[in-house]
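So that you can tell them apart, the chains are marked A, B, C, D, E and F in the order they are listed, and the count of residues begins at 1 in each.
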């Protein structure tokens, strides 16, 4: 044969441009502005906490997962997103443990990328919140210009040692204030982000923009955030109409707490959300209902994480019941 | 793949095992009947032997709790809630264990110091049951002790373990109001535990609810001078 | 009324028998492989729970107040025979129902959730209504946990679970994660 | 003490005794109605069997085998997975002979390792024989030959197959239970399960003849017909350019048939098949030179 | 299915599986005793009795008390069952076993209530639930109902010890990590940050999962056989990289 | 009513047709040998009627149909039968083929009319003539046309759809046919309408071929009801079920054929071929093939004698480039990669695409990330994600329960999968496994 050695592959012989690592690294890229905003509001602590969580995730993925799987970028996303759901003052070792748990138990025991049932980042956070409830609910106030360089709280506490909450200015989150003091926070603060809370729950607007970019490129299913926002807004408006003192309005509900980050980045995790579009609508609605229920009647001020985890558990069932209707299963319709 | 399918002629066929004969019904009756009777005897004996200890244990726990919330009274009486009244003796024919009870403590010289009341309701995880001492004359609490709770260790369980929280219930005036830590400004107020607002609120609510229900009875009992 | 609502949600999600109280783990681990089976097991369980609640209320109210030491034995005997009777009745009434639910009944006899319900109901002095709501709630909770676990296991069957974690360890990890997620319900309806 | 009063003791023993009697009666009645008796030896034998449920015995599973064995329809030796000790134990337990079963083994009808039968093209995609075979027949030059991706080795639950250095599956006769999984796994139908006494094998399935066959694989059967002449009449026949052995005449087969085979496609096998690169070279003079 | 042949009654197999068990008799007593501890550990290997194993092991003290109670019930019932095994008709076997077990459990319950009221309360319904613990009924069915008293008691002791060991492992891990104490004694001083999750329900599941993981890692340390020479299935990133 | 001439789902691969879209069709010179596999159509292979050494003229029958769903094969060049034996077949196997040594000195003239003039013939005679001419569908599946044109009694056909979509990237065979031979297309339609006794025909053409739409529109006959509908550019617009959905909004029931909804779908090249057969009087012995791709030096649209070997065809197009990597018969979405350069072109091959190393998809796959893109791509609304996972675990029977039969192996799912999971390969495999091994009882 004179020709070069031929190749045979199964059809199709062409592939669309997107690849899994490219999607993942795009998501990482889109998180950078959010991380930058967190740094702007909370100082260097933000970078440290996110870096520690990411290190926990990546180290675990590298040492326990298959070789070379760090390169697909998914562990980095897990780490960054986990970091963004933590308070700025969290001891770094805790963030590291959270990342390791999320990847180890949330992902690798299921067989690694694509096989897990629960969102690894949120599972890591849930683990941390159950393990160290006090540290996870101690929120430093956003830094003001003068003390921007100060680390928020106990970043450098030694492993296994109770943090001493040195002298950090802690403050209640907008949700905590709403729930336990019936005090509202101005909407502009929520939209632009100068409120206390987890690193990633500062500027709702920015998250909306970054997530919107991913939705436009079809890296996430836009139906999930759409469904979450619509359902949450509807329920909140309804409850607010019934009892304005206890229940906040739609905009507060959407922009407070982790809802924005959760809806844009975590409920949309491809792996742990339904594959069918109908499933995605239901999934989103379920998340929103649970968030509103937990925020309104639950013991916790915030329920985004738990809502997403609970709905994650329902995803296999949703996938099963929302199978598309196969072409050709409609009764025969003859044209006249 | 079909050679040697059936067994060869030289091989023996296993002897079929005989089916065991059926058991007579009388044996079944005897076994279970005798077994049941013996078990019944054993149980009664075990119960009888341990009952005194068990009741003593219960009494001791109650006693300690009353002691704690009524600041170590000389002695205390058990009063029974019957309808809208407190009675010293349960009405005849009613099992006293089924009636709600409050305890009236007496200080030195037989002076009544206050009532100990047991109450419970849902907390963060599950039901919280507690006992508190109440002085109807001053409308102040004398103390509070959690008897039973499943609140989160490290957070909610501070309602029983954190002295800073528990000690507030000495001398606070009813009805109670919960406030954030460091915000206490009136004798009615109780500072709640940071990170366990719900458990703290539950304690306050349990006490307030119990007094709303039993307060008039207790006050009435005191005014009638029986105290 | 509010009380009943609280009992219902508390027993179904907040203090879910399986995920929060570790009751009924045998069926949870054993028959959670397929959604169909899990659904049926859940239904059969709920049914038996309601029957038990009824029976226990009768026992407590009319018989056992005089002989507390016979409680455990009475419960276990009543449950065992109840299951037997239900099995026979279902068999008689409908073959389809028997095939759907009946075959799980013998498994339920040795399921500790049933006995636990009897004990809880007794210890908490539930009224008849409260007891029934409690039974429905906890049965619903068992069924919920079973179905969630079954659907997850069905999907995980297609995953490349590392050999080390295969089997019960993985199921326990999933159960732990579910339990973690259900902690979100803590304090539901009790924050006042 | 109230609880220890004779009435209480008597009362509770009466209650529990009564309950016991009641249930005993119930059980006695139901027992009479629905009694199913199953020979307990079935369970016992099933407990002794390896539980592989491989089907090599021709039964749908180990328990079915146990039922048959207890009924006397299956000799214990027919379980090829159980060790001789276990077979003897079952036989002794049932009071029967162990019985005999011809030892059968899986044989590969291809000797074209990568050293003698090169790949023609590169294949990208799912790395299984089945998948590769479905893409233009696979990457192998010889369209009938082994693709070497080891579906058979994976299918074999008894670890009886290993892939050798030239990409051919080698069956370890001692481990092979003749379950036939490899037969089902191979997309090129290269495996056959046959008795060990069948020692004359044509390790080729190529239907090409002469030059065309040999160009693709140096150990292919080129259809020259020498073996047909050398063997006892009727043992070997040429069909579509391939030598086919009639195993009904196996008793007449001798190694003589292999002597003049120019490619070494026909072999006389004792024990394991000679499939390694070194072994195939023995048959191919020009490669050995 | 089997042909009617000359019926010789004293057939060795007439006793069914029991006959087989007796035929393979040569088990030394120490095997009966030890097998439950590790090789056939009821919890860690056979995965029986998981409800109490998870529910009561948030502290060592609870685990120990629960272990003792179960041990007592197991040994007691095995003793009785094997003593009377020839008298109990097969048909009422289970009912009788349950009666025996329930009696022992009730006795244990009273005893714990009298002796250690605090822990009794912490154990909640799980003492009563020993009745339905499959380990107990399982051992009666599988062993005590078919074997002589001596062996049955040895077996019960072994199994009870195995159960206790499993509870102790779980209890220690959970108490040490979750509270920083062992049997209530502080191990790391007051500045230890407890991992609260370990004493909460998820911690129970996770701990047992990790224990099982460790065991299966231990069991599988022998090298795996390489089956296929070439990479198979999807050529996944890691392989190509 | 607002009518949407489209089907749902599908993908948009790059069109890549500019390489040959503007190149006029030319004839390729004869090579030394043609190889005529006996299996060039769906159905039973033909039965040879010549012996080695026999002299054949161009158009002679060399193998005759063996049964109803079968077609005869004709010599595509004058020469001598060299051999009838195993030869590489485009499907990858070795199959029986008639090899003809082409007579270099023959003028390759056609024999006198083998196929009768159409004008005076009734439906039955037309169909028989089509059958004798060995006409099969040229859209890819190579289904014997005479079978399609004779629907069973119990179905009534009301419309013929003429498939001019050519939705596969790269290919321009149908495009050039429509631009250069519009009258033949029209005539073919007329003949088919007469065969079926149908009064309506619709030509569906993707919008990316405006010149074809215009040409066909410009030549529409006025005496019969033929219309042209421009369709959205989307793969697989040309798949018959999708085409029927787009043009007529009829959903072909699962497991049924277009005729069950009253439709027959024919490719434009098939229509043109029918016309040509009656026009020239020669049976189907040559067809138009696009030879294209980044890996070929001189892409072209060629009239190629059936049975020409791939090697000769590539040489006729200036040979392959340095980085040519993969040769595909058919389009890049559904075509078959070839392992032998000796494989002959059979009747159903619409194009030869030579892909360069840079174009072929990567070898590496990632695990499925459940993105759901494949669900959004599948034009028959399957769940390729689930099917793929089941296939990787070899759970064939469950795949069947999940409607594997409805998969038409269009490859949309594989194309769109970011993890590069060979989904349609898995499905093809599963289908063959299920065929090989009937469900265990």
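Everything that follows uses one rule, which is that a residue touches a chain if its C-beta (ideal position, glycine included) is under 8 Å from a C-beta of that chain, and two chains touch if they have at least 3 such contacts.
Just so we're clear, the structure is a prediction, and the values are computed from it rather than from any experiment.
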Chain separated most widely from chain B, comparing mean CA positions: F
Pair joined by more contacting C-beta pairs (B-D or A-B): B-D
Cα-centroid distance, chain A relative to chain F, in whole angstrom: 49
Geometric centre distance via CA averages, chain F-chain B, whole Å: 82
Distance between chain centroids, defined by C-alpha means - chain B, chain C (Å): 24
Between chain A and chain E, centroid-to-centroid distance (C-alpha), Å: 41
Chain D residues counted as touching two or more neighbouring chains: 3, 8, 12, 15-16, 19-20, 23-24, 27-28, 31, 39-41, 70-72, 94-95, 120-121, 124-126, 131, 134-136, 139
Junction residues of chain B - those touching two or more other chains: 13-17, 28, 31-32, 35-36, 39-40, 43-44, 46-47, 49, 51, 124, 152, 154-155, 198
Overlap residues in chain C, where contacts from two or more other chains coincide: 69-70, 73, 77, 160, 165, 169-170, 173, 176-177, 180, 183, 186-187, 189-191
Parts of chain A lying in touch with chain F, wherever the complex brings them together: 1, 3-4, 6-16, 18-23, 72, 74, 111-115, 218, 221, 270-277, 280, 319, 323-335
Residues of chain D touching chain E in the complex: 16, 20, 23-24, 27-28, 31, 39-41, 43-44, 47, 67, 70-72, 93-95, 124, 126-128, 148-150, 153-154, 159, 161-165, 167
Parts of chain D lying in touch with chain B, wherever the complex brings them together: 1, 3-4, 8-9, 12-21, 23-25, 27-28, 31-32, 35, 37, 39-41, 58, 69-75, 78, 94-97, 99-102, 104, 178, 180, 193, 195
Chain A to chain D touching residues, read off their complex: 5-10
Residues on chain E engaged by chain A in the complex (per definition of touch): 188, 191-193, 195-198, 200, 202-203, 206, 236-238, 241
